[in-house]
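Some structures are shown below for you to check.
Look at the two complexes coming up: subunit A is in both, with subunit B in one and subunit C in the other.
Presenting the complex of A and B:
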């Protein structure tokens, strides 16, 4: 109950901010940070709870963006429809990836997700309708009242998506599904023998994770007024979505949120003050530092600190 | 639509390309295939090797010689990387496996961005007499740079195959891949053998990096494409099989070359990844699995 009150309060705060006179740039940066909250949370459902490492976050994210663009170009579909469609496409791809877990584990699964990423990118590069390799300029539709600008509206939309994603992750963690996924992570054979429906759970985790990532990608083309394959399907999405839960802590739903807020904000600051390359370096270095020195992430560090 | 002649040319080029792919994958065939290290950073280390070759070659040294000179340095680098990986992750068993994977993924990004910061995103090339010229065989033209890569690949594969089957250490490496606990019972130290083998794998990727920059211009983000190519070859080969690596490289090279000719360059990157996905989905133990 406390959680839900907190969630509603946070959403109202986001809404209030968007209607207030805060500097436009804040929303521009906060939108990206919130996108990372969704991606990191979604990644953690499969990667953190079940222990299946997905490098191909960009595939789900990019396909989500492209589904939105196709719907927008063909039917002028409203944003809500685009997001639902992107979630369906992401979920479908997630289900397909889930079928791969039948045979593949560990690094084999991880490499397969990289393969899916590059195949999706190649398909979009060769699809003329969505602009091929050069991409497509998009004209934003009229902003819905009472928002003063489109970016502000997208910020609220992404805040809502982030809250939904975190709520889903929290539900998965505290329900029997989460216990089943943790059993899979610790030993898949033992879980199977103890009557855990491993395949069903894995398919569920992959589908949910994929759907959330797809939904996170849907508003991106409108945010940039532009879409092109190389950045939509970049491996950078994958390394960030993996680094953030690892840095925050993978065992608890709050971990990816902490990681995404922390790393996402650092990235935004670094991008503005130094350069875009450095921000990928920051992700890489922090990832390596945390997996080596603090395996349980920021949450683990806190727990250790307060127990003493 | 496709004449036999064009197809023959595509296959011919594919064979050369395939040997090159085998050469860049053979290091991974040892580190991932034999030692089960989730070495996602292998292509990044190789691109790093290309840039080192670029620096050494700028002193007027032939790029292949530069690659060979770099091998001992990379050998030591490999030992350090493996030692670190072993102490922090491998020793702790499966619980640390996910983090080990994340570690190599992060390492790949650090190398890539490090190269961007030092060299910028521009493409780099090296100069040598055999780069740019072609061997004319009747109506076919074979670029010398591909022939050089072809030759080095064959020598590399043959040397490693012989090393692994004829020498004492080589056999020990194979033994570690087959049954580590048994090796421990025989009184040998598997960690030292694996460390040595990982060193060799990394040393070989210095030479592979030299070939990479001989065959074409190199840029820092190139390792991403080569994740697909190298893992495709190693998985298709069946983990740890050296001759299998050569065969799998040829399959990939010919497939890529034919797709390149029929559908154009924009489809070529999907070949390696598509093939990789098919192999993983249907026959994860590869064609020549151990």
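Presenting the complex of A and C:
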């Protein structure tokens, strides 16, 4: 109950900000940070809870973006429809990839997800309808009242998506599914012998994770007024989606949120004050530091601190 | 009626024959010992029974129903539980949480009842005061007990104990043996795989000796140790 009150309050705060006079740039940057909250949270459902490392976040995210563009171009579908469709496509990809690869363990699954990323990118590069390798310029539709700009509206949309993603991750964690996924991460053989339907649970996690990633990608083309394959399917999405839960803490739904807010904000600040290239370096350095010094992430550090 | 019937079970790994037409029958409530030299197929046999491996040919009939096509988790739900030779605890969970996994997934107990039942099992195993310790901080003997406790939380009718005593000291062996006797007394059929001959001989009502994937001898513990083939293959006479 406390959680839901917090969620509603946060959403109202986001809505209030969007309607206030706050500088436009804030929303431009915050949108990206919130996108990372969704991606990191989605990644953590499979990667953190079940221990299956996915490097292919970009594949789900990018396909979500392209699904939105196709719907927009073909039917001028509204944003909400685009998001739902992108979630369905992401979920379907997650289910398909899961069927093909979740029998593989550890490193083999991770490698397979990288392959999926490259396959998706190659497909879009060769599809003329969505602009091929050069990409596609997009005209934003009219902004919906009462928002003063399209970016402000997208900020609110992404805030809502972030709250939905976190709520789903939280539900998975505290339900019986979460305990099964943890058992899988600790020992898959023992989990199976303790009655956990391991393949089914992994498929479920992969599908939900993929759907959320796809949904996160849907508003991106309208945010940029542009879409092209190289940045849509960038490996950077996958690296960030992995680094953020690692830095925040993978065991609890709050970990990826902390990681994404922290790392995402630092990246935005570094991009503006130093350079766009350095912000990738920041991810790498922080990831190494945390893996070595605080393997349980920020949440783990806090827990240790308060126990003493 | 027999609880478990294994008929002409075979398993190959490439060109290597791990099990070669193994047949055995285990009665309800029996204490059954499985011995044999390293590589004789003991663990392969129980992996096939528990579902970690699929047999190539033959049948496994549990309580009158064929189970050899089922995935491991469904066999656990049917009543076959096992412990692992090398303990595989859920190491990021507490001891109690380890038991809550089968309590939720096999017995489908609500959280509170699952906890109550798990605590009872931990009490029986002498692990009650470790209930809230992380499994990764347990000692070897505690890990072996946790393996058995977690298997018990699935409310099995057949418990397969895979070398639950390997590497334990004399007093600890007695402790685990006592637990197994107590479980058997509650009506649970037990298959014990063990290298510690004293333990198997004391525990089992009937013993089967495997060698190179075949049953070479079957009988009471007293008869087994007298058997010349067993002595040659296993006892080093």
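In this text, the second predicted complex is superposed on the first by the 306 of 308 C-alpha atoms of A that agree within 3 Å, B and C clash if a C-alpha of one lies under 4 Å from a C-alpha of the other, contacts with A are read in each partner's own complex, and residues count from 1 in each chain.
Criterion: contacts are C-beta pairs under 8 Å (C-beta built on N, C-alpha and C of every residue); 3 or more make two chains touch, one makes a residue touch a chain.
For clarity, every value in this text was computed on a predicted model and none was experimentally measured.
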Subunit B versus subunit C as contact partner of A:262, first or second or both or neither: neither
Which of subunit B and subunit C A:198 touches, first, second, both or neither: second
Dominant contact partner of subunit A by residue count, subunit C or subunit B: B
Which superposed partner A:180 touches (first subunit B, second subunit C, both, neither): second
Which of subunit B and subunit C A:133 touches, first, second, both or neither: first
Touching partner for A:103 - first (subunit B), second (subunit C), both, neither: first
Partner chain(s) touched by A:116 [first = subunit B, second = subunit C, both, neither]: first
Residues of subunit A that lie at the interface with subunit B and also at the interface with subunit C: none
Of subunit C, residues touching subunit A in the complex: 50-52, 71-73, 76-77, 81-82, 84, 88-93, 97, 100-102, 104-106, 150-151, 153-154
Residues of subunit A that touch subunit C when the two form their complex: 176, 179-180, 182-183, 185-187, 189-199, 251
Of all residues in subunit B, those that touch subunit A in their complex: 32, 38, 40, 88, 96-103, 105-110, 112-114, 116-117, 224-225, 227-228, 231, 235, 266-267, 269-270, 273-274, 276-277, 280-281, 284
Interfacial residue positions of subunit A with respect to subunit B in the complex: 47, 51, 53, 55, 100, 103-104, 106-108, 110-112, 114-116, 118-119, 121-123, 125-126, 133, 235, 239, 242-243, 246, 277-278, 280-281, 283-285, 287-288, 291-292, 295
